[in-house]
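Structures follow.
Look at the two complexes coming up: chain A is in both, with chain B in one and chain C in the other.
Up next is the complex of A and B:
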């Protein structure tokens, strides 16, 4: 029992991850606003679709703005909550916009005491016939945004495009984190083998690399499924996808290499050296090259990391336990592989 | 040995088939309904199926070892 505690811990953490990662609701969001295009100088009604919203609750306290930057905003003159998911906003759009171009995108902001503040970035575009930036700036500061509410419940952030898939942060991302923890372990055993050629070090490195590859393949498959529904394609030939596929191929070569040696000592020594090279290549392939070029993947070049904006404190409470949970499950699987390899060695020796 | 490998491969592909078909033919409207919740379901399903396939492989390895022990006795 004493030696099993970490397996229990891993399973408990994963149960926690599944229960709270799936049951915690998302914050209120705005999914659509129509019409998309408005004309300056006219009064227009915009129909807005909410997500996880309760517009009819305290509907007289609903407020809405069109905004650009942090200074310029226009409050809706009339707000009609049709139902919990639909609200109609009337805007008296002034004749001039706070910009020197003919068309400008605006962010829609809705605030309610029940749902908190929610936005649709770049949700509406307004056209103007004559440009007068100074007049526009004056007109768009008349109804500033004030005292926004915060939803008082344990929720995950709502992001357009992502929607509920933000929960994949606890299933796709920890695959890679757990893979890394486990591959570091494998490299440590490979180095140990080169210092002191004990066959058990080689078996441990092999078992951990095996699990690391499993987690990597699962990470790639789950990433492709997520990509299909957010980027549009399973495989976009994105840098991050390509480089991880190459890294996993290098790690598959580890097992091809092992299978091609008869002499156990030679096999162990050469695969230990190869493992160190494989690990040295996976770091730049997965974490450095994608940061140097443009990528669709968060945390890579031209795209901010999840951590800086999207991973709030509520998500951290599930994300970090998820990493530990998946890593412990991986170690457990690795331990079973190791024990199988030890038994095989026994049989071959007998 | 070769037959066992072929068997393992066919089992693998058989197991994967309904899953890949499900995902490939699923029209995007369904996957994107309910705030794309089904994408999370598909991701968790993929991890589960991956671990099960891995478990089957391990099971086969152990069966082979058990056979070897039996032959020794």
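Up next is the complex of A and C:
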């Protein structure tokens, strides 16, 4: 029992991430607003679609604004909650906008005591015929945003386009990090083998590389499923996807190399050398090249990384345990591979 | 003999050997010429973008073929002889330098023949020359090291392709990117950074090759 605690820990952490990562609801969000474009100086009704929203609950306390920057906002004059997911907002748009251009994008903000504040960034654009920035600034400060509510329940953040796929942060990203932890372990055993040629070090390096490859393939698949839902295609020839595929090719070559030697000592030594060389060439592949070209992937090509803005504290409580959980599960699989390799050798020796 | 004179001596040996049995180098040169011609016949009209990619693909395949023999051709007895006389670092370094020179010649030949047949789209000649130099160095380092690994196995020619192509892709991508800039296909001002990056990748690969080769060597 004393020696197995980490296996239990890994499984518990993964159960925890599966249960809470999938069951916790998303925060209220706004998915669409129509019409998309408004005209300055007119009174218009905008129909807004909510996500996980409860507009009819305390509907007399609903409030809504169109805002730009932190200082200019326009409150909706009339709000009618059609049902929990739909609300109709009436705006008296003033004749002038607080800008010196003809068209400006505004962020829609809805606040309710039940759902907290939710936004649709750049969701509506307003056209104006005559530009008068000073008058616009005066008109747009008449109804400032005040006293926004916070949603009480534990939720994950809602992001447009991402929607429910934000949960992939608990699978794709931790698998990827666990893969790196495990591949670093494999390189360490390869170095140890070169310093002290003990056949067990080679078996450990082989087992860990096996698991690393498995986690890499899983990471690629979960990433592709996510890409289908957000980018529209499983494979978009995105630089990150291509580099990952190449990295997996390099590690597959490791096994081709191992298979082509008869002599176990020679096999161990040469595959250890190749493992170190391969790892060093993967670092520029995954960390440097994607930074040089445009990529759709979060954290590259001007896209926001999850870590900087989207990963809030509720997500961290699941994200970090998920990394440890996947790494421990990987180690467990690696241990099984290692033990089968040892037994196979013993049978062949006998 | 110290390391430096060992390297010089080995380089001298490589070049003499190559010169005496000219069939190897003339084979590679003919390989490049016929590939360029086949490419020309298949494409007929080669725009700058295609030119750039074709140039590096021809370089890639010609380089693999040229470098593959560097360890495979040496017999076991000669390896044993080297092992008693020389430092392993001298051997791998001399091979890398020799192959870099060979690939540079190959690159110049590929460039001239492609420019002769399909026109010369290069606008910044000095930059292109620098990229070509860094490219042949990078190819030479990677392929020399991989051929040292592949030579240990029986099916060395398959292994050579399987092991070296994925590993060389970062270098290849940087090269295509940089030479696209020297052709005038890409704007962008951060080319200095990319050249530094390419040089850095080359340095890392050399360092790894030097550290790891002594382990490959002893049989």
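Simple rule for what comes next: the second predicted complex is superposed on the first by the 348 of 350 C-alpha atoms of A that agree within 3 Å, B and C clash if a C-alpha of one lies under 4 Å from a C-alpha of the other, contacts with A are read in each partner's own complex, and residues count from 1 in each chain.
Convention: a residue touches a chain if its C-beta (ideal position, glycine included) is under 8 Å from a C-beta of that chain, and two chains touch if they have at least 3 such contacts.
Since we're looking at a predicted model, the values are computed, not measured.
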item: Simultaneous placement of chain C and chain B on chain A, clash or fit; value: fit
item: First (chain B), second (chain C), both or neither touched by A:336; value: first
item: Partner chain in contact with A:194 - chain B first, chain C second, else both or neither; value: second
item: Touching partner for A:288 - first (chain B), second (chain C), both, neither; value: second
item: Vertex chain A, arms to chain B and chain C (CA centres, degrees, nearest 10); value: 70
item: Contacts of A:280 with chain B and chain C, given as first, second, both or neither; value: second
item: Partner chain(s) touched by A:272 [first = chain B, second = chain C, both, neither]; value: second
item: First, second, both or neither for A:8, with chain B first and chain C second; value: neither
item: Partner chain in contact with A:253 - chain B first, chain C second, else both or neither; value: second
item: Distance of closest approach, chain C and chain B, by C-alpha atoms in Å; value: 19
item: Touching both chain C and chain B, counted on chain A across the two superposed complexes; value: none
item: Chain A - residues contacting chain C, complex; value: 194, 246-247, 249-250, 253, 256-257, 260-261, 266, 269-270, 272-274, 276-278, 280-281, 284-285, 288-289, 292-293
item: For the chain B and chain A complex, residues of the former touching the latter; value: 23, 28, 31-32, 34-37, 39-40, 42-44, 46-47, 50-51, 54, 58, 61-62, 65, 68-69, 72
item: Sites on chain A touched by chain B in the complex; value: 18, 22, 26, 51, 162-165, 167-168, 171-172, 175, 214, 217-218, 221-222, 225-226, 228-230, 333, 336-337, 340, 343-344, 347, 350
item: Chain C residues touching chain A - in the complex, by the definition given at the top; value: 145, 149, 152-155, 159, 162-163, 166-167, 169-170, 173-174, 177, 194, 197, 201, 204-205, 208-209, 212, 215-216, 219
